[in-house]
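Heads up, the next two complexes both have subunit A, just with different partners, subunit B and then subunit C.
On to the complex of A and B.
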């Protein structure tokens, strides 16, 4: 599975960094580094709703505060 | 005109005497001859405060204007003597001066009256230039002519520099030869004139225990090769102009910096290269990560990064305090700052005026006007640093 996080200007201001770091921690804590590839990406054209995150080609909106529930509800269930 | 591809870079700053609001030293720079020659005058007015400030301002303005118009030194000196107001307490009209006149980036003439003698570093080592002594209106004036080489550095200073520390951290201050030792030790050929000035003034301020006993001014003149740096930001307003903009940009000599995610994507596509991003690395939490693209020397995010570069530029022109951040950090803004402030002498901006549809929302803190304003302000700052700036809009 590939998770891509937008690090464009708008998403950056909305907390891309916290989302990236949150997901990195969660992946490590769940020992999933072999199964999940994490990567940054430029603008996904969805600035208003950011932070934009894609699981493979599917687009989601995540905030730093919702990173954990996103991980549990969307990431873990897809593995 | 000689075309040796050398240019003159000047960086200066002053410490103001503790308790005073005005500096009694003054620096004036003019570039006659279409910018191919430079006249720098450092004047130190008698006393301190308002009176000294007026004396030094008049002296440096008169000399620089007259020299730039090819009037003789004798005329300059007699004009000053006839013009300066006489100090009531001391009965004299007095301001010392140092003149560095760089002719067509080929030869420097150094003329000094009563200031500490200009220190010249060639390849980082003290270079003793031969001087002739002449008397003019009862003043002893030293003159020297030096044929220039790349990386020659001239450090002019007011006597506040050699008095630093008198009766405080040092008994007798430090002497010119101590300053030479210090600057030889600190010298790095990558340092700009402004950086060398900042290093010396910081040491003077330390010796003064942050309470300068005299106005202290340092002006560094550095002879260096011209170096172009090109910066592309924003896609063109008309998508049909994209190839034109990209081919003009990438055909330019020098480093190529691309700012903005969408812009980088388009540039990579034009070059037929992949963007290598990986897991974003946050070297500075405020600044979005950079990415790698072959043939692009540096690819960064746009508005937030440039905004930070602008604040570094504004500080550079004041006390240059943030030098200790951008001079070593590896985030996008620090990397751009080093390229623009230190490496470049000529900067070509390629600015695309496309409006990012994703940013056109009142709920977002970014908009088109901010981007245009940032580039305007940044190029104004870089001009003040003495860079040659060209901005092309698409």
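On to the complex of A and C.
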């Protein structure tokens, strides 16, 4: 599975760094490093609702505070 | 609000704007027919002897706006017919000559070039004079002065001179580093940087609103000192309005560079920076023995572009900055795969106006990726500060960092000269070809005293305060929490 996090300016200001770090920790804690590939992208054309995160081609909006629930509800269920 | 420093910039801008307008409106074929008369409506000449010469020069300007002479690899070119062939070269006797009796000037001249008219005033025979300057030194009235052409005066590395044939300026490509100093200084606008705005407009159009591929703009941090009639966020909106998909700070590339350059320095013990393309070109052309010491990092522009091309293969990338030498850098073997074109702030203004975009009416778009340190690369001394910080963040405080920040190509020359003889009191040369750093570049709209403080202020506004925080999302740093 590939998770792409928007690190464009708008999402950056909304905390994409925290989302990236949150996901990195969750992936590590769940020992999923070999199943999930994290990557960055500059802008997904969804600036207003960011932080934009894509699981493969599916677009989600995540905030630093909702990273954990996003991981549990959207990531773990798709594996 | 004044948009440009000089009327020459304004003239060049008007041509670029009209070329851009024609390109946006798919009227490329009318360019040579329409634009000379738009710029020089007549019937009275505005700048030169007659409207026909003015229009002929506009034609040359159009040619340069369309990419110039393809057979000339240099991105800086002389418009020979625009060159006024300034008769200012060398020593001249001024009105201050009192026609004295001593004639020290005559006595000291080794070439017998000085003669006197019926009023006993001195004259220099240009065919004999070798510009040794002795006469000027001995004149008790300082009546003899040395006048150099503005272009020659601007070019501290002596790459531009009068041609023996017709006296027009000519550029020695084996020396020229494309910094654009002569472009900015020529009072007749006879030296011009080639423009690639047509390529950029084609790229934007070809993307079909970023559906076929995406076009990214990388903006240099010097932008903060520019477009002062609007807010930075409006400039960014304007760039997106032109058709760019996203705008990314070159300063983020600068953060990446200082982070890796600091460890490279510790490893090698001595380095020169690689950010300024004119400085790098200068080392290659004038100090070939120092080439091995140039940092192996790509420039910030190329570094961030490489990252973007990896995240979005097939995308197009345009650099927008204060620099004419970047136009040369993007053609280099190891850079052209990452950056598709480079334009200046002058040209960006022409693109806005050519497409009828008034940026002051636009909402603001955020531009925030880089740290304070990445952003201050725009001014002299910033890179050295960033490397100091990067060493700290790497925990390499023990390394004795002795940077030599060179402000302008003359200081670069001195430092390189010393380093090549192993007498430089330092282990890192920060080379910036333009005085002041990038904010002093030839492609900026306005040069001002306040530009440095403005860039520092912009740096402090960055959300990320450290280099490693700014680049952590790029997966380059090891997780500090481990």
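To be clear about the criterion, the second predicted complex is superposed on the first by the 79 of 79 C-alpha atoms of A that agree within 3 Å, B and C clash if a C-alpha of one lies under 4 Å from a C-alpha of the other, contacts with A are read in each partner's own complex, and residues count from 1 in each chain.
Rule of thumb we're sticking to: a residue touches a chain if its C-beta (ideal position, glycine included) is under 8 Å from a C-beta of that chain, and two chains touch if they have at least 3 such contacts.
Note that this is a predicted model, so its numbers are computed, not measured.
In the superposed model, A:48 makes contact with subunit B only, not with subunit C.
In the superposed model, A:65 lies in contact with neither subunit B nor subunit C.
In the superposed model, A:73 lies in contact with neither subunit B nor subunit C.
Within the superposed three-chain model, A:35 lies out of touch with both subunit B and subunit C [touch as defined at top]. In the superposition on chain A, A:17 makes contact with both subunit B and subunit C. In the superposition on chain A, contact is made by A:8 with both subunit B and subunit C. Common to the subunit B-facing and subunit C-facing surfaces of subunit A are residues 5, 7-10, 12-13, 16-17, 20-21, 24, 38-43, 45, 47. The touching residues of subunit A, counted against subunit C in their complex, run 5, 7-10, 12-13, 16-17, 20-21, 24-25, 38-43, 45, 47. Interface residues of subunit C, counted against subunit A in their complex, comprise 216, 236, 245-249, 308, 311-312, 365-369, 463-464, 469, 472-475, 479, 481. Across the complex, subunit B meets subunit A through its residues 260-262, 264-265, 275, 277-280, 282, 285, 288-289, 291, 301-304, 356-359, 361, 363-366. The touching residues of subunit A, counted against subunit B in their complex, run 5, 7-10, 12-13, 16-17, 20-21, 24, 38-43, 45-48.
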